[in-house]
Amino acid sequence: MKGCMLRNVVSIDDLTNEEIESLFRLADEFLEKMSVPGHPHRLTGRNDLAQGRILATIFAEPSTRTRLSFESAMLRLGGQVISSADANTSSAAKGESIADAVRVVENYADLIVIRHSFEGAARAAADYTSIPVINAGDGSHEHPTQTLCDLYTLRIARKTKSGEIQTDALRDLNVVLRGDLHDGRTAHSLAFALARFGSQILPDPAPGCDFPEHVRRRLARDYGCFPLISSDVDNLPQGAFPADVVYVTPEEPHQLALLPDVDNVWVRLSKRQQKSIRGMKHVDAFYATRLQLERIPPEHRDQMRKQYGSIDAKFLNEKKYRHSRVLHPLPRTDELSYELDRDERGVYFQQAAYGVPVRMALIAALLELQPGLLSPVEAPGKYAEYQHPQGIHCGNKRCVTRQKTEMHYLVPKFWIVDNQPLTTRCIYCDFEIEPKIVAQASTRRFTDATSTWREIDLNDMVIFDDETSAVSAGYQRNQVMLSQKP
Amino acid sequence: MKGCMLRNVVSIDDLTNEEIESLFRLADEFLEKMSVPGHPHRLTGRNDLAQGRILATIFAEPSTRTRLSFESAMLRLGGQVISSADANTSSAAKGESIADAVRVVENYADLIVIRHSFEGAARAAADYTSIPVINAGDGSHEHPTQTLCDLYTLRIARKTKSGEIQTDALRDLNVVLRGDLHDGRTAHSLAFALARFGSQILPDPAPGCDFPEHVRRRLARDYGCFPLISSDVDNLPQGAFPADVVYVTPEEPHQLALLPDVDNVWVRLSKRQQKSIRGMKHVDAFYATRLQLERIPPEHRDQMRKQYGSIDAKFLNEKKYRHSRVLHPLPRTDELSYELDRDERGVYFQQAAYGVPVRMALIAALLELQPGLLSPVEAPGKYAEYQHPQGIHCGNKRCVTRQKTEMHYLVPKFWIVDNQPLTTRCIYCDFEIEPKIVAQASTRRFTDATSTWREIDLNDMVIFDDETSAVSAGYQRNQVMLSQKP
Amino acid sequence: MKGCMLRNVVSIDDLTNEEIESLFRLADEFLEKMSVPGHPHRLTGRNDLAQGRILATIFAEPSTRTRLSFESAMLRLGGQVISSADANTSSAAKGESIADAVRVVENYADLIVIRHSFEGAARAAADYTSIPVINAGDGSHEHPTQTLCDLYTLRIARKTKSGEIQTDALRDLNVVLRGDLHDGRTAHSLAFALARFGSQILPDPAPGCDFPEHVRRRLARDYGCFPLISSDVDNLPQGAFPADVVYVTPEEPHQLALLPDVDNVWVRLSKRQQKSIRGMKHVDAFYATRLQLERIPPEHRDQMRKQYGSIDAKFLNEKKYRHSRVLHPLPRTDELSYELDRDERGVYFQQAAYGVPVRMALIAALLELQPGLLSPVEAPGKYAEYQHPQGIHCGNKRCVTRQKTEMHYLVPKFWIVDNQPLTTRCIYCDFEIEPKIVAQASTRRFTDATSTWREIDLNDMVIFDDETSAVSAGYQRNQVMLSQKP
């Protein structure tokens, strides 16, 4: 339904690596031309790129920081802003759906920035409006502009002394992700982005806060990024390999299977990568996150908080951290000591500052204020898309497709991301399930998902969670091969 | 107290038909010059008409949609906006009156847009400030800019194929008003406006949701608009007259009495009107509204909701709706199916879009950014005005004159809208009462309102609800004719 | 940490008298060039001084009036605004500290205006950001821009008929401060400012609402301003001296002791002042304030409200008020009758209007949009500064240094404002305490604060509330003189 530019940024995966690079180069330009003397990471003044354009922020969840950052970016571009900052004052209180809300607001603005508690809400918004949509956080799901700021900060950290940014600045970085890797959406998104750019991920989770299985599977399946432990590495020199496990993406995938269980990652690495991993003695960046207390059952909170640990000057005394940049998406609570505010390794406030030029670049790109930054259409998805009014629903209770105000118009959509076992991923919230039954709509027959279902035409296919669901929908177990049309 | 331009838009009746037409022509111009390619109802860019001007929105009740629409309109005119969007953060929480609030804010802005829960609040605001005030909704009372958008949408629907708007585009339309006609202020205001412009109103209320008596009386008294049922119509051809009742305004009123009980409306219609009504086989527009649940006692809500009915594609399959435009003030709940979103008859999102050019035109007119759109002073009221510190108060508990923070400075004011029985209408909230006693202040005598009270001079008159009130105020029943000064 | 301009306005004492005068002259210019015809106190239009600059308002407490006034001022200067208007939608809800909040927001804006419930919050904000901070109210503590508006209104009231502002317009005014002088921060700040400029303060408190001791002490200590009663005055002519007590600041302090107990103020007055006080028959200005109900225990509220009294036309009939300007910081409740709205002595709405040009001048000064308005660095404090991680804390529970989110990074700081008894004033919230013990860090010995502690070097000094605290911190009572290093 979009106008000329058909792009949204709902997920970091909506941008290719090349597009991210071109946005970053534009952000560099803004910093070069508009920064405050003595504060190279902070902007002042404005240009006229977005004159006459209006950005609408629809924030159904509180977030002063992100909202103000977008508003500042739009004003620095010479545009204007209209804001709906509070769920309680919005039409949502009268039961309005996301689709209706955006189809009204698209008439008041040129671009929508949305934050919502429903996971997948931004995708739903983008599906129903013809102006560009930027996701500013949808529940625990995605927050792509935070990831852009994180990447931009890592990239700036690679500046040479003469101020040049290295080509491939985001490749081969050793990045510790620390803290709540279980529920922190910023850590997940950053991990995916690091895998895409070919950097190594060194998880340092708090007790009970390691990457969940779905993140590990997605790292493997979508980005070809696999865990490596020290015993995997041939002839590892002493002192190298400063982590229990390193996630690494082989440069040459050698036809990696889609399955996450890859026998030997080490041998699939290029010589360059092997050398780099062997020599890994320091950490380029240290990404701290706060405990997502609001997602932890109240009875466990005290315990979790105690075990969470805090990063202070002493902690960073270790040699491997000597040149580490310390990042944090903020706000922090206790996990990052105020001592580090005066340590030049602590770049988390710069990281917040970069939000303005990076978001300026993104707005300029989506409004086509500068040509050639983004391809006019999104790259196609790499998985087959499945949608049918009958059959499976998303298994995530917080998914936008399962909310009372949205379910009467949104038909669930899925990517078929795996065959053995059959695995579907919700296109809205990315939640994966493994349905047990596949049916053929034309014959109303079903079979086990482990069976030869791949021969069914996608347009004639219906997927069910289990046999009971299929039977109650009026389907019968097939006697003949499904591919043999009766 | 106003400066040079002495105008406000508190009620749709604050604008003459000619003024509404001139606003609409300016809105047409904005659409012509500033619309998005491919989206003729939506604007982008800005002009410089309101450069340096500030619009203040004071929203003591939530309404993202209306507020953002005004803000977008002001920004598209090159002006700026300051907003107070939440009752809880306003000075009202400290007990400040509306009069004080606007007398402060008038120093920060050039124009005030106010939404408030007190009925009549916008009139009170306008009485106390010297900058123009626009009512963006005062309780269940008025929301004139919504009505302007509704009318503009109906008018656009009359465009010819060559894009010309017909003269008298708002005359002789057959408009179904459907749903909650009892509590929906947008349906009331639209009905009054349709009557004024000479269009027919076809009510299609949900069970228990018909027009209240006071709306019917006002249609008759203020606009000369009366109900007609099929048996009223001579020689009605079969299939014509697609409604139980049609409200129609005779073009030539033939000295219609002020009373709502008019014996035979049919004979008062012009030949043209009679012909038009006989031939009425289709509906030009269908105006759906949501159930005003918040105004219904909780115990009745489920029942009301069940009976309310929903408009879907099937419903509109009837021949008489073939070319009907479907409007809705939004937000919708269940009364309008999402199926219609893809039906070209559904124009409710365009209707929302027109809010911007229409509000731009209104702002431009009130700030005199374009000359000649509005007469510099309001047209005089057509009823006699009555005000006295003693005697009657407004009978509406939600009226601004009865609120704790307002009653110590606002003296109730009334129009005397009828003689037999004596009927007064609150100038703030339009609520009507029928007081029983009329007194003469100079003689301190009173008599029944049915009596010869019309001979009392308006400046010497005091009206009381009943005898008890008059007596406790120190008045005596008169022995002689009141007109005979003692 | 500031950039080139190192200034904030956290307290009215952050500006010298000369700086205030220069701000007022710039405000005069704005009024002259930009006022609405027929409304000389109100602005319209905009200039381009602040083009490309962004002002951020961070309002963690509700205040529509003050926020809109700042926003209007910034827009009239051609700048832009980003706003966080509600505590509930801010990062504070996630436990973020003030220091972190401002270090993020400083990247989005050129200037921060903060309102917060913690007393001293604005000082904390200013300490942690490198862009200018304006205090828009921190609990019951300070609200310096309100005081600027009050002073500006008093100054305008001294205009001659030809429109000239008198030199020394703020000297020798007789100003009645009426109402809640106990908890009203605006009354306190204005009293301090009047003392500084050499005007007389005539307190007219409601029962139980007189100046608290700390205000009286500060008037004396900081500004040399002392109470004078009629019996102090030699040969007082009848009818003069229209108040129970007058606070007056001798022009030539004759080496006034620091102590508030001054034997004979009268003889310390200059001849000019003595003549002026003798001839004092009228009141120049009458400053009414509302009862700060929210700071009074609920059980006393009704009683206090009854006794509070209201100013109406009758009240102001007294001859001494004939030419008095009536000011009020607004919002009012019952203490000021609506009758006065039409009385030309009532200038409280003009006072609100002046908020815009005055705040424009302040913003222009802090952003250095006009050179020479402010000295680039703050004047040094007149008291010695004391800070030590051990020892005393601020005694005010509402002080920012005692709040859970702030205490882990803010180290309390104090001015030593008196010696006999030792008195410290919190640099954040101005709360004063009289600690009993002084210790020497190098020797870990302590002594009574009444003793010879002044010989201890300030950098080696630790102050304790009492002996118990000193002992539990590991200090011992000294046997020898502290100055005799062991």
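Letters are used for the chains, namely A, B and C, taken in the order the chains are written, and counting of residues starts over at 1 for each.
Heads up, the rule we're going with is that contacts are C-beta pairs under 8 Å (C-beta built on N, C-alpha and C of every residue); 3 or more make two chains touch, one makes a residue touch a chain.
Predicted, not measured: the structure shown is a model, and the values here were computed from it.
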Angle of rotation relating subunit A to subunit B [CA atoms, steps of 5 degrees]: 120
Interface residue identity across copies subunit A, subunit C - same or different by half: different
Inter-chain centre distance, subunit A versus subunit C - centres from mean C-alpha coordinates, in Å: 49
Residues of subunit A touching at least two other chains: 85-86
Parts of subunit B lying in touch with subunit C, wherever the complex brings them together: 3, 51-54, 56, 58, 80, 82, 84-86, 88-91, 93-96, 99-100, 103-110, 130, 408-409
For the subunit C and subunit B complex, residues of the former touching the latter: 36-39, 41-46, 59, 62-65, 67-69, 71-72, 75-76, 81, 85-86, 330-333, 338, 349, 352-353, 355-356
